[in-house]
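Shared between the two complexes below is chain A, which has chain B as its partner in the first and chain C in the second.
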Partner chain A sequence: MLLQSIASGLLVGSVYAIIAVGLTLIWGIMEVVNFAHGSYLMLSMYICYVLHMLMGFDPLLSMPIAVVILFFIGIGTYKTIIFRIMNAPMLFQIFTTFALQFIINYTVFLIAKPTFRTVKITFLDGVVKVKGLFLDNAMIVSALVCVLAFLFLHIFLQFTKIGKGIRATTDNPRAALALGIDIEKMYAYTWGVSLALVAVAGAILSRIIYTHPTVGDKFGLFAFVAVALGGFGSIYGALLGGLMIGVVTTVTGVYAIPWFKLPSIFAIFILTLIVRPRGLLGWK
Partner chain B sequence: MLMGKRDEVNGRPWVTWLLLALLIFLLLCLPLFIRGTYYRHIVIFTLMYVVLAQAWNLIGGYAGQIALGNMVFFAIGAYTSTILTIQFDLSPWLGMWVGGGLAVLVSLGLGLAVLKLEGHYFAMSTIAFGEILRTVFSNWRFVGGAQGISLPLHSPSLYYMQWANKVPYYYIILTMAVLVTVLVFLLDRSRFGFYTKAIKLDDVAARNRGINAFKLKLLAFALNAFITAMVGSFYAQYILYISPSSVLLLVTSILLAVIPIVGGVGTVLGPILGAVFIFPLTEFLRAMFGGLAMGVNYIMFGAAAIFVIMVEPLGFVAMLSCIKRWFRRLMEEKGGVEVEGAEG
Partner chain C sequence: MRQKKTFMKRGQKIGTVLVICGAVFGLTLGGPAMLSAKEVKIGVIWPLTGPNAYLGGTCKSMTDVVLDLINNSHDIDSPGDMFRSKGLPNLGGATVKFIYGDDEAKPDVGRSAAERLVTVDKVDAMQGTVMSGVSTVISQVTEKYQVPIVNSNSTSPKLTQRGFKWFFRTTPHAKTFIGTILAFLKDLRDKKNLKIETIAIVCEDTQWGQDAADVIRKNCPKYGLKVVVDIPYAQESTSVEAEVLNLKKTNPDVIFMSSYDNDAILFQKTYKKYNLNIPIVANNTGHTNQLFGDTFGKDTHFVMTRDMWSASMLETIPLAKRLDEMLKKIGFKAGMNETTGRVFIGTLTLMDAINRAGSTDKKAIQKALQETNIPGSYLALPWEGVKFDSNGQNMYGGAIMTQWHDRQLKAIWPWQISETDVVWKLPSW
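Here is the complex of A and B:
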């Protein structure tokens, strides 16, 4: 039973992880917390829903489309709004992203109405039995997609020119600027990549849960917890944090009272901040 | 002392006092002019938001700590006085103070734990705390769970803070708004105001001068909690129904910060201007858009916040001082009185 819940937890956690990685990328490079992160997740879910309604696409098929759209939305968000607040006080940075959250969520609310919408897909239904554990087919595929996305990110950051530029800017923006790296461009790309990752998670989630205008908020908060657990700005930390959240939610859901899930995660979050303000794996 | 000097430089302190007296007189007479129940309700809610925004301004504007869980204190105030009234037949007038005290205790506990964290971390831990409390209250039978509690109706009585019309509520919340505004005004001109401004200008230099930033932040947080809880009790008595989804929402906590930001963060006038602008407008939009109003309102909050942040970081207060300067220049041209303008 414990093994079973841990296994399911890891599968769910991979989705949290991919959301958290996007959040931590932005935090790492510009110390801006994007409180609208969950809203972009919701946007991706709606894109998949609309494509499903119009063309009958499976969200897994719409995923590349959502990724491309959100990549450009990310760059657009940076170029229109975020770059103006780079040097603003933290209060204003926080409330700019909250304002974005309000505007995105409730614009969708006005257009789509607060109806709970669901994508009905039977492809990949069923469970598979691996060494005595029952695993949901769809969840396995989701986890695989997340792993793939993470591998892509790793290769992108490690080997491509833009990726190297992003890493250099994260380490030291001034030095990067001195070396001729266009750091403005790197910030824009980071926003693009961050939202592209969230698009992947959104496509996966639109198959599993209901889509509605404020669906992303909870995931956004969970992503913060994952980021805090893993250490702010650390990509691998966020991955680990996401997986931990997945396991904690499933295990407390099974062994304790079901509604304990949320408080336990937030309690872990506050305790982590108190004991290790830089995160469990933080090093600064 | 410094402020007294500046007032002299600004000239005509009696004009300010006269205007203030006139304003208070008008506010006292307001129920005579505004007779509709609905409009009275709007005025009461606007004043409620004035008080709540002033409270947030203490911790968020002055102490510079972005608290995003103020509804926690609001809920503590609302639930404490309500439960005390129902279980022990205690008057809400007393329950208010119990709620306020409890909120102070909670804020001190939370503050001691997380006020040492830097900016974002503090903000996020207050969000987390609020979410924990919301989930616990939604599942806790004793406090009514997700359904919340309805207060039993009594015939109009001072003891139960229940009246048939809205006028007494108006005077209660008006008193609170005036008291809290005076308190913030005094704090702004006291050591608290100077120290917090010094901390915001240069944290390290202020600390080297021997300013205990942590103590100030804790004080601001506790005061904020106390005031917010008092308003919470008032809200429970006024609406007579509370539930986690009405008094413990994260968006409301965020809204409490948006009001002073739009008005002018870290100023005495800011929260007042913000609330007076935002709340009646939301009601107007609600009348216009009906069921979709919630969406329109939040988009407006977002747009207003982004506009203020991008264009005029001091919000309405800056615009007001702009108008004041223009007005003064007009007066000077007419009367030829030379006044050295040291702007505040």
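Here is the complex of A and C:
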């Protein structure tokens, strides 16, 4: 049962991880806390739901479309709103992204109403049994997609011109500017890439759980904890944090008092802050 | 002398006319609309959107049917023969108008809806809602403004333990229902010689679920059942992996669940994923709606639930058959079920009270509700009738047990009304 709990937790945690990586990208590169992150996840879920209803697409097939749409929404968000608050006090930035969260949620609320909607899965459904462990096909696919997304992100940041520009901007924005890197463009691309990652998670989640206007809020909260656990600004920290949340919630729910499942994440988070304030893999 | 007599005759005529005018004047102005009310406004709150939108839509379908029954003429027996005339007969044929509010299954939204209906729309009475947590808040509004409200679906016992004078509930509450479930399990164990000794409680964490959990936890020992694990879970959870793995680890003889629609579906999917083959007895709602049956088909996997309806009642209760036809005619394909049956009884009770009051005066309606005594023959479910105790709780009404067989719920207990044998030892998924 412990192995099953850990396996299930890792599969669930892979989705939390990819949401968290998107969040930590923005923080690590721009030091902006994006409270609307969960709302963009919700947008991705609705895009996949609408494509499913109109064209019959499975969300895995809609994923590239959702990724492209959210990428450009991310760039648009930066160029219209975020660039104005880059030099504003942190509290101002927090309130701005908080307001963005409410505006997105309630706009969708008005259009789509708060009815819960589900996608009917017709392929890659069911369960496989591996050495006594029950592994959900949908979750295995999710985990594989997350791994691919991480690999793509790694390659993008390490080997592409834009990726190198983003890393240079992170290390030293003034030096990057002096070297002729358009840092405004790098920030816009960062938002685009962050939301593209969230779009991947949204496509995966729309196959598993119901879509409704506030579904992203819970995942946004988990993402914050994963980022703080792993260390603000660390992509691999966010990955580790997300996986830890998945495993801790599942194992606690099985072996401890079930209602302690959610509080356990925050208990671990507080413990990490006390023992290692910069997070598990955070920068010094 | 003749002048005096003529004057007196004229005076008597004038006096008589004045008295008659005064009487007519007094009758027509004697308080809020009496016999000549043109319209009776009822505020009705259901969860029309949100996580319980399917349930809310079900309830609204039945209130729409009752509205048609009241405002148009139908050859159906009813208290005061309301259905055979157009409008409410004792209010001069006044038309009934339902003004709907949506609570989205949230207490704060329900409160706003109730406030609007009472203070802006100025309704004469109210009905609603479904979720006990929301009904608690809505009834606080109606109690404050002294507006009579009938609740037909919320089952938390606490709702009629608050000393409220304007809240009336037609449905039985959790103590009655849990008693039915426990009596069934005991009977099953004794008569069928099955091992039913340990039970897991898996209930959603709002008032409805936790009240049910409290009642069953306290009463299990009386029926020889030991609670081996108690799992409250967050309503609208996005994952129940931990909960289901915990159940697999604990391996009780039976699982008791109180879940709304989406949670019931999520749990059932996760049970199948982990090949959990433990019998489930549910506290209705998410496990009774046709949405559950349509979503899972054969993967309903013989879930049992306390219920008040079975398909055989379409043959044994003629009114139920008529209502079933009317529901399908307005597009509600699922037709009659326990939810629509209870809503019918609640709405009928309210209409009967207003009709007997002969007035839209709220105190008159309250008094009429207190004096309600509707025989079972007028109801769409096999209850003895509707009669309220001093707490506003209907003293009648009971439950049966049903079990999903593919997409259909079939009565399994009490034995004398069972349509099929109980499937207790579950096959593979």
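Note that in this section the second predicted complex is superposed on the first by the 282 of 284 C-alpha atoms of A that agree within 3 Å, B and C clash if a C-alpha of one lies under 4 Å from a C-alpha of the other, contacts with A are read in each partner's own complex, and residues count from 1 in each chain.
Heads up, the rule we're going with is that a residue touches a chain if its C-beta (ideal position, glycine included) is under 8 Å from a C-beta of that chain, and two chains touch if they have at least 3 such contacts.
Since the structure is predicted, the reported quantities are computational estimates derived from the model, not experimental observations.
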item	value
First, second, both or neither for A:Leu221, with chain B first and chain C second	first
Partner chain(s) touched by A:Leu262 [first = chain B, second = chain C, both, neither]	both
Dominant contact partner of chain A by residue count, chain C or chain B	B
First, second, both or neither for A:Ala168, with chain B first and chain C second	neither
First, second, both or neither for A:Phe102, with chain B first and chain C second	first
Contacts of A:Thr250 with chain B and chain C, given as first, second, both or neither	second
Partner chain(s) touched by A:Val33 [first = chain B, second = chain C, both, neither]	first
Which of chain B and chain C A:Ile85 touches, first, second, both or neither	first
Which superposed partner A:His212 touches (first chain B, second chain C, both, neither)	second
Touching both chain C and chain B, counted on chain A across the two superposed complexes	259, 262
Chain C residues touching chain A - in the complex, by the definition given at the top	49-51, 53, 104, 205, 229-234, 238-239, 241-243, 245-246, 248-249, 262, 265-266, 272-275
Chain A-touching residues of chain B, taken from the complex the two chains share	60, 64, 66, 113-114, 117-121, 123-125, 127-129, 131-132, 135-136, 138-139, 250-251, 254, 257-258, 261, 265, 292, 294-299, 301-303, 305-306, 309-310, 313
In the complex, chain A residues that touch chain C	1, 4-5, 8-9, 12, 113-116, 118, 127, 134, 136, 205, 209-210, 212, 215, 218-219, 249-255, 258-259, 261-262
Residues of chain A touching chain B in the complex	31, 33, 81, 84-85, 88-92, 94-96, 98-103, 105-107, 109-110, 217, 221, 224-225, 228, 257, 259, 262-263, 266-267, 269-270, 273-274, 277
